[in-house]
Each structure stands twice: as structure tokens, then as C-alpha cells.
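Take a look at the structure below.
Per-chain numbering from 1; labels A, B and C assigned in written order.
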Amino acid sequence: MKPQTKVGILFLVAAGLVVVFALALGSFQPFSNSHELKIAYNFAGGIEVGSPVRVMGIKVGKVRSIDFQPEYKIPDTGEEVKLIIRVSIDKKAWPTLRADSRFFINLAGVIGEKFLEISPGSLEQPELKPDQVVRGEDPPRIDQLISQSYALAGKVLEFVNKNEGSVMETIETMNKLVTNFDKMLKQLEKTSRNPEVHRIVKNLSTIMEDGAFFSQALRSPEGIKTMSLINDLIRRLEPLDAKAIKKFLQEEGIRAKLF
Amino acid sequence: MLKAARNIIDDIGGCVLFIKDVLRTAVRSPCSLESLCDQIWRVTLQSLPTTGMAGFFVGAIMTVQFTMQIKAFGALGYLGGLSTSATVREIGPLLIAFLLSGKVGAFTSAELGTMRVTEQIDAIRCLGANPLQEIILPRYIGIVISSFFLLAAGLMMSIFGGMLLAAFFAGINPDEYLRHIPTIVSPFSIGTGLFKCLVFALVLASVCTYKGYTTTGGAKGVGRSVVSTAVMTMVGIVVTDWITSLISEAALDMFGGGAL
Amino acid sequence: MTLPLFLWQSVRATFTAPYRWKDILIQLEFVSWQSLPVILFCLCFAAIVTIMESSFHMKLVVQNDALVPGFAALLILRELGAVVSALLLTSRVGAGLAAEVGSMKVTEQIDALRMLGIDPVRFLVVPRLIACTVGGFILSIIANLACLYAAMVVSEIKLGYSPGAFITGMRAFVDFQDLVFASIKGATFGAVIPLISCYFGFRCQSGAEGVGSATTNSVVASSVSIIVLDFVLTYIFSHFY
């Protein structure tokens, strides 16, 4: 074999291997089979160029670029959004994206890999157009969340430390209360099995009902008027014979209650 | 192609027979302790700076590489342990032995080859002495012992280099770097690394003395035997690296994971 | 001839015509084609050991070996592939070059070239420098990817990862730029080898002893400078990841 041939073979093999490697890594796609979409965020939680894009948990594309655009405003709402993330999405998955799809940034895997999750839209909404700009859901600021929960935990701790005595007292009292309540419930259970007591309780409830009916009648506007009239009468008659009238009224009153 | 394969097999066979001769000489008529110590002293002193420097840079490279990876996990605490473990168990012995194959191996092979082509070895035989006993044996044993020592010294330097780069590159202070080493690097790992060093030293000594002793054909022959020494040593080191890894894995299985 | 002067002469001659294309081609064939089998052989073993060792460390630290493909691929591409093939190239090509040039010096062929009015640097060093740089570039690409392939096969046999799982795991860590940096490393190491070897060859003392020591010194000097350069390049590249 001529040396030219050997060197030529090596060059070709090297070039072929580079292409195979690039294809295997997915950093080079000659047969583009995807549409692009621009997603606007104010906070993107550490997403990077090359992070995967998933629809319903299936990888369908990747983040192509991240651009900072200080002057950009969403056309419909006029909201200022300064971060535009350009993603490519497989044509197969494109029809599942509708105008009401939502764009989350999520975290998965052992090393906390960031990815962009897209929820499928509903069928009656129109499909998204390629290269459209949509607003994404800003992920919660984990750092802020953590600092807030730290502050809360600190406050609780401080409170407990300060009022240790009274908290203990309260808990003890509550303990006692619960014990008593438990005892009462047990007794009630015991007594409710006794037929005599059962009858008494039933009577009691009838009386209560009657009383309720009467007091209802008393509380009605007519009753109040009558009462105020009687009061007036008593005040006027008082100087004459207070004792007799009182006695009469009391007896009358009792009778009126009974019938 | 077939001829090349046969040459390789011939080389291996010749090397094994040569080692057999050397060992038989060692048992029957050992060389003087004085010449052995002289040999150890010379080889060690000659190669210590090179080995130390190589070890330092290997440790430094591994620390830089691991820092970039570990930063993504936010686990910089592991840096000391991981980079030291990888260096001591695998990369350190391999790369430092490659370097020694150039330094000690090529030097010895050139020295012996020169002796051979200038007919000094034949002169010794004419004087009634055994060249294997007088020349080869002290060199063989001396190279094994001093290479083992040099490799171990290189590993020490690699820890130092890793520590220094961790301080400069990753911003981890040396105390913390050193404190995390015992959490990952166990005595078993160090044993594996030293075992590798020993095996590499044996390969190195065998190949270079064999190749030097069997040199033929003038100044060009010396050059040729130096080249083939270096290549053969490196191939031998890579292959024995695999074998020692297998052995250490088997040993780990045998003595249970608790030993780690 | 001092080292800076020698380097300056070689670099100047490399970037000025005329070139001896035929010689470059023959050297390129020697550097890349004839070194390929031994490099591939060694790197396959290196790949096996890398997989074994990284699975050992993974089990130690994170208790499972899910990240082994990614880590092993990264280690191979960033360090092992380039350095191991460069060190093998040093011992094969570099030592051979030093011996060849040293023999020429000893047998006064270099002086003969000077007598004929031919610049020995342009005649001897430049074709080898170009051939080794290009050869190192090609070899590092082929060697790295063959090593990755070997690692893929080994991880399927030993750890039970399918090739698809290996590639997916690799993608999480490895970028295309890793291969670019690896081939830059390969080309740099390739350029270092003939420069140092020829320098030691030109300074060769007379006799068989001189050739031997020139060869030895050139192997040591190139190995050390490869490791130091590897450190420097790693440090520089670490700012681009």
C-alpha cells in the first residue's frame, strides 16, 4: 500500500469518527426535524444552553440559546420580561402544544439536572406558531423560599424559648382537660345504657322543647309589647298595693306559664 | 502483520527466558551487596527530580479536572479524597511509570546496549566473570527497588501537587484538603497503588535489562533498542495495569466490602 | 546550538516555503499509521481500567454507578486519551527520531548536509515537525474515540449498560468542545516531540554512548514537557468550560 493511501485512510477515518461523535452527542443535526419557540422568563432557575425540553415527561428538544433583552415587553400584557429562552421542539410533539400550554422549569435526576417541562394544551385551543414568543411560569426562587422558612423557624424557636414555662403549663392544663373530658364521656356512655336515665333524659328534652317554644312566644314582638304594658301597669299600681298586686301577678304569671 | 506478531511473541518469550536466567543467577551466585547499593543509589538520585516533578504535575492535573466536575455537584469537600484516590490508585502509578520507562528504562537499556556493542560484556566473560552476575543482576534488583521507591515518592509528590492546586484553583485550604483524604482513601487503596508500583517496577526492570543485554549492531542498534524498550515497557505497563486492577478487585471481593 | 535558537530556526523554517511534501508524507505515514496499532492496543486497556476504577470510586462516594459512563468518558476525553497516546508517541517516534538524528550526527551526515549547503533544520526537523503535529491531531481523534468505544463495550460487559445508556450518560457530561480540546492537546504534544528529540539528536556526542544518552534524554525531556504542557493546557481550557 502506498503511504498516500494509508494517510488518506487515516484522515477519512478521523473525519468520519468526528461526525459520528458529533451525531452521538446531538450537537450537530443535519436533518433538522424541529420547530423553534421563544419562551420569556424573569427568572429561569439555572437553566443552561443544552438543557432538555420535555413534554409530558418525554424529551422532545433542547434549549438552543439564552438571550438577555432588557427592553422586551410581552405584546399583549405589556409586562417587562428580560430573558428570552430559545428552544427547539420535535415536530412530532409540536401539535400537543396549544395556546394554553404552560412552560415550567423543573429539576430532576441525581445531579439536579434542570429541564424545561411543557404541559400539553387542550384540544380546542389553537396550535402555537413556530418562533412565537410565549410567557413561561417563573419557577419559585428556592433560595428565597429557604431563607423565608429559616426566618419562620427562627421565630418559632425564639417564641418557644421565651415562653417555655407558660407553654408547658398550657400543655399540662390541656392534658388535664382532655383527661376529664374522657372521664365524662365514659360516664355518659355508662349512664346512657340505664333505661331509667334514658327516660329522664327524654322527659328533660321534652321540657326543654316546651320551654323553647314558650320563650320563643315570649320573645315575639307581641309578647314584648304585652310585657312592657304589664310593666307599666305594675309601676302605676305599685303605690296602691304593691304587695297584693305582686302576689297576684306572680300567681297569674305562673299560671300563664303553665297553660 | 504476521511477522510483527511473531516478533512480539519472540520478544515476550526471550524476556521470560532472560528473567529465568537472571533469577537463577540470583539464587546460585548473588551479586555483592555493595554493587547493588551503588546501583540503587545511582538510579534513585538520577531520577528523583524528574519523578517528583512528574508526580507533582499529575496530582495538579487531576485536581484541576476534578474541581471542574465536582463544582457542578457542589461537593467540593470531596475534592481532596477523590482526586487523591484517583491519583494514587490509578493515574499516578500509570503516568509516573510511563515517565520512568523513559528515564530509567531507556537509560539502562542504552547503557547496557553500549556495553554490548562496544564488546565490554564479552570482555567480562573473557575475564572469567559471569556478566549476568556482575552487570545485570545488580541493575535488575536495583531498578526494581529504586523504581518502587521512586514511584512511591512520585505519589507523595502528587498529593502535594493536588493540595497546592486545590488551594490556588479551587480555593480549598490545605488543612481541609488533607482532612478529607482519609474519608475516601483507605489503606486498601494505598495498598493497591503500591502493588501497582511494584508490578510496574518489575516490568520496567525486566524489559530494559533484556533489551539492553540483547542489543546488536552499532550506534544505530543502541538507538533501536532504546526505542523498543520504551514502547515495550509502556505496553507492558498498560497491560499489567489492567491485570493488577483485576487482582485488586478480586482481593476486594474476597475480603469483603468492609475493607474498602 | 542553544534551545531557543533551535526553536526559532525550526518555527521560522516551518512557516516559510519550500516544503518537502514527499518527506512530510512519508513521516506522516510513519507517525500515524505505524503507531496506530500500539496506541489503540494500550488505550483499550486504559479504557477497561478507567471503567473499573471509576465504578469503584462511584460506588464509594454515591453508592451506585449510574454516573460511570459520563465520568469515564470525560476522564478519557480530557486526560487519558491525549496524554497516554502522546507518551506512547514519545517513546516510539520521539526516541526513534533522536536515535536517527543522533546517528546522523555521529556519522557526520549532518555536517555533510551543511557542506552541501542544505540547512539541516529545514531538511530534517521541519518535515517531522509538520508530520508529528498533523499526526498527533489525527491520532488523538482516532485514539480518543476508539478508547470511548472500548469503554462503551467494557461498560456493557462489566456493568451492564447498553450502548444507548452509555451515550445518554455521556451526553450529560461531554460536549463537542471536549473533543476539540483533546485534539488541540494532541497536536500540541505532537509538535513538542520532534522539536525536543531533534534538539537532543543535534547535540549528540560521538559514539554509541552518545546516541544512547541522547535518546534517553530526549524521551525524558519530552515526557516531562508533555505532562507540564498538559497541566498548562488543562488550566487554560478550564476557563472555557
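Here is the rule we use: a contact is a pair of C-beta atoms (placed from the backbone, for glycine too) under 8 Å apart; a residue touches a chain by one contact, two chains touch by 3 or more.
On a predicted model such as this, the values are computed, not experimentally measured, just so you know.
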| item | value |
| --- | --- |
| Number of hops, chain A to chain C, where each hop joins two touching chains | 1 |
| Most centrally placed chain - per-chain CA mean versus overall CA mean | C |
| Longest centre-to-centre distance from chain C, chain (CA-based) | A |
| Inter-centroid spacing, chain C versus chain A (mean Cα positions, whole Å) | 61 |
| Centroid distance [mean C-alpha coordinates] between chain C and chain B, Å | 20 |
| Distance from the mean Cα position of chain B to that of chain A, given in whole angstrom | 65 |
| Chain C, residues touching no fewer than two other chains | none |
| Residue numbers of chain A (touch at least two other chains) | 111 |
| Where chain B touches two or more other chains at once, by residue number | none |
| List of chain C residues in touch with chain A within their complex | 25-26, 28-29, 32-33, 36, 62, 66-67, 138, 141-142, 145, 148, 167, 170-172, 174-176, 179 |
| Interfacial residue positions of chain C with respect to chain B in the complex | 38, 41-42, 45-46, 48-50, 52-53, 56-57, 60-61, 71, 74-75, 78-80, 83-84, 87-88, 90-92, 95-96, 98-100, 102-103, 106-107, 173, 207-213, 215-216, 219-220, 222-224, 227-228, 230-231, 234-235, 238, 241 |
| Residues of chain A touching chain C in the complex | 3-4, 6-7, 10-11, 13-14, 17-18, 20-22, 24-28, 50, 110-111, 113 |
| Residue ranges of chain B touching chain C (in the complex, touch as defined) | 50, 53-54, 57-58, 60-62, 64-65, 67-69, 78, 82, 85-86, 89-91, 94-95, 98-99, 101-103, 106-107, 109-111, 113-114, 117-118, 169, 184, 218-220, 222-224, 226-227, 230-231, 233-235, 238-239, 241-242, 245-246, 249, 260 |
